[in-house]
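Common to both upcoming complexes is subunit A, partnered first by subunit B, then by subunit C.
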Partner chain A sequence: MGVFVFIVWGIEYLDIPLDRLFGMFGRMGSTLANRYYPPDIEYIIDADYFQYVIETVQMAYLGALFGLALTLPLGWFGAYNVTPSRRFVYPVARFATMGFRAVHEMIWAILFVSILGFGMLAGVLALTFFCAGFAGKLLAEEIEAIDMGPVEAMKATGANLFQVVIWGVYPQIRVAFTGIGIYTWDVAFRAATVVGFFGAGGMGWYLKRNVQQIETERVAAILLSIVALVIVSEIVSAWARARVMKMK
Partner chain B sequence: MPILEVRNLIAKYSARGPEILKSVSFDVEDDDFFAIIGPSGAGKSTLIRCINRLVEPVSGEIFFEGQDVTKLNSRELRSLRRDIGMIFQEFNLIDRMSVMDNVLSGRLGYTGTIRSIFRAFKKTDIQHALALLDRVGLIDHVDKRADELSGGQRQRVGIARALMQDPKLLLLDEPTSALDPKISREVMALILEMARELKVPCLCNIHDVNLAMEFCNKIIGLQDGVKMFDGPTEDMNEERLNEIYAMEVL
Partner chain C sequence: MNSVASPSDQARRDQAFESLLLLRRKSNVRRSAYYFVLLALVVWSIQVTIIDDTDWERMGSLGAVLKSAGRFIGVDIGLFPSLLVPAIETLVIASLGTILGVVICLPATWFGALNITPFKSVTYPLARLMMTLSRSIHEIVWALFFVAAVGLGAMAGIFAIAVRSVGFIAKMSAEAIEDINPGPVEAIKATGANTLQVVIFAILPQVLPQILGTVIFEWEINIRRSAILGLVGAGGLGLVFFRQMHTFNYHGVTSVIVAILALILIGEVVSHYVRKSII
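Here is the complex of A and B:
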């Protein structure tokens, strides 16, 4: 009941024209049919475009890789139970992770393009920060859920901080970390297809150019290619995930 | 000189929390198999964990071979921990690793960081590990994963890991409480035998008084953080036991 009242109040307050809202789907259909159909497939079967696709994959790969590399210290330092120092290192790591997450990947892209100029490097860095943000949080949470018994046992043998992490912590999160890695790849790839919109490399640039020139049939073709690529990437990661499950 | 001297030890888990140990003192001699008994929550685990500073004591002194444990910096602390083996109630093995790797992990304090990442232990360490695994009766299980073993077998791995350290003292926190009575007895007997053989003194939390009376030569009784009894096993009697466990009966 309360929810219903809230919705009605919200609609009143925002002055949403309901008839247009419901009519939207019909019009969306007709717009798609008129302007975006048929997609200009020939436009994307092109060596130049293919180059950009490759660049997109490279960017996603590097971004995910660097992001995950950053994730390791972020996760370790930002996990309350194993952080080297609860008073200093922990808050810094948590704050950094939060900062990476708080800023949208597109904003990172815009930021790096304006600092570094157009090109792939800006895209890779934007993706790196983006990946480090959410994977760092996931990893820290995973580490906070481990059994502390083996960690104490390793401390008790006289192992140093690093050895305790390698022996006491890592074996317990290895599988989860691989899962996070795969997920990071998924997300990085999807983001990589659009960061180019702001000039940060990859096929997003193609998208932008054609949107601006109102080449709607080409845009449709590009969108289709993105969907296809994402599906392929999802299939690959589903396969990888199944392998990881067996690893347990 | 006793290998371990504990003086007026006070421990808390939070600055404003209650004192878990209320000025506990005792000595462990070179040939002791020392039992700490007391009801659940008395502070037995806390006491044992203060010795290698898994719990930081609030005040008091702990002398190990004449050196005050409470004053060590982190490097000295690591080398102290290397000299003190620990065996846990829940075994605390690394489940996803092999029995062999678990035993070798007892050697981490002696192994460089880079070597330990690649599990490149010295040949002598590997031979030592195999000898210990043979001694605790697990030589046929060397390559199994630790989580494939039974409870008794897992604790035997725990024993081998602690002995890998060439410890000068063994801390045992209810090493057999997770095992059934028959296996408990076997494991206690094995620990006692090996401790005698290697001349390692032991400090052992035991919940089960009968086990303590059977295996240990000295006993401390703790009740609610206070030492109620300290003496040779022969001096322990029904009346004193009732006093120590009085709280639990209520």
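Here is the complex of A and C:
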């Protein structure tokens, strides 16, 4: 009931023209059939485009890698049970993780483009921050769920902070961290296909150009290629995840 | 039986030890080969994406970079009152989009759960395709598509968010349904219930908390998404961000980001309490 009231109020508030809704499906169908079909496949079977695809993959790879590197301290400091200082480091790490994650990857991309100029460096950094926020939360939650026995035992032997983390915490989260890494790569790749939209390199730039030139058949082809690539990357990561699970 | 090992025994043991060592050395070699390949990939990627592709001249020295980053430090306080309406818009777009997404999810979940899908060979792949398509296309692209189809405005944003969230919600819900305890289903079927009754009385009670948790989680993500849909003409905070960026009012840009952070914080707090009250 409350949901219903909210829907009505929301539609009223946003001033949504409901009459457009009825014509929408017909119009969407004709838009698709007339303008986006047939996709211009020839346009994407092209060495130039292929190079952009490779660059997108590299950008996602580096972004995920740097992001995961940033995640290690963030996850460590942001896990309540092993953080070096609960009063100072923990809230800072938590807030940084939240901030990184809350700001959408597109906004990161725009900011970095405006600071560093066009190019893939901006894209890599945008993906790095995005991945750090995303994986940092997962890693912190994973660390909070570990068995504290070994950690206590290590502390009792007089091990210092780093020794505790390396020998007491890391072995327990190794497999989970690998899983998070694979997942992060997946997400980073999806984001990488579009960060170029605002000038941060990769195939997003192709997409933007053709969208703005209203070359809809080429846009359709590019979208198809993105879907195909994402499906491939999903198959690869599913395979990798299955292997990791077997190692467990 | 505890006699001294005969020489042949000893030799056999030595041999086993040797082969173990060899195996270990082999796996070590393989591992270092993996690391080497990974390292080479990193170096190559850095070379291509960062060193070659960056216009170092234009970027200037570190000082210049810091200076251009410094432009963003500072908040345009005067902008905040005018951010209230777009912020509410963003929140409403995210909520309506999530609700619509749940509605679209119903068939996708039903078809996508192996144990209740009606025609396994047709509907199951269809649902999986729907989920993959929904998740693999970025929200910006969906928004562009819907802006082309229904025109500028909040409606395009709602549809984009709805379609984008179908994949995640349907996938998690279908997996939850696949993991249910089949006992109650059998019991209710045995009383002569039809499919709808089985779904309502045997399946839903088992998976509802999990599905609600997923929906809340997705709602939280959708706030973040709807905050940028304005970049391509779908209303909300993104539009303000775009305008501030294009008028080079960098402090205003920071204000918009602060507003987005505040929204996300609200979303996180709400979802925390709702999830707690569900479980």
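Criterion: the second predicted complex is superposed on the first by the 227 of 248 C-alpha atoms of A that agree within 3 Å, B and C clash if a C-alpha of one lies under 4 Å from a C-alpha of the other, contacts with A are read in each partner's own complex, and residues count from 1 in each chain.
One rule holds in what follows: a contact is a pair of C-beta atoms (placed from the backbone, for glycine too) under 8 Å apart; a residue touches a chain by one contact, two chains touch by 3 or more.
All figures in this text were calculated on a predicted structure; none of them were measured in a lab.
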Combined model on subunit A: subunit C and subunit B, fit or clash: fit
First (subunit B), second (subunit C), both or neither touched by A:Arg174: first
Partner with the higher number of touched subunit A residues, subunit C or subunit B: C
Touching partner for A:Ile107 - first (subunit B), second (subunit C), both, neither: second
Which of subunit B and subunit C A:Ile166 touches, first, second, both or neither: first
First (subunit B), second (subunit C), both or neither touched by A:Lys155: first
A:Val194 touches, of subunit B and subunit C: first, second, both or neither? second
Partner chain(s) touched by A:Trp205 [first = subunit B, second = subunit C, both, neither]: neither
Lowest C-alpha to C-alpha distance for subunit C against subunit B (Å): 13
Subunit A residues within the subunit C interface of the complex: 3, 6-7, 10-11, 13-17, 20-21, 24, 27-28, 31, 55, 58-59, 61-62, 65, 98-99, 101-104, 106-107, 110-111, 114-121, 123-124, 190-191, 193-194, 197-198, 201, 207, 211, 223, 226-227, 230-231, 234
Touching residues on subunit C, where the partner in the complex is subunit A: 41-42, 44-46, 48-50, 53-55, 58-59, 65, 68-69, 72, 88-89, 92-93, 95-96, 99, 132-133, 135-138, 140-141, 144, 148-151, 153-155, 158, 224-225, 227-228, 231, 235, 241, 245, 253, 257, 260-261, 264-265, 268
Subunit B - residues contacting subunit A, complex: 52, 54, 78-86, 88, 90-97, 105-111, 113, 116-117, 161, 165, 171
Subunit A residues touching subunit B - in the complex, by the definition given at the top: 149-150, 152-160, 162-163, 166-168, 171-172, 174
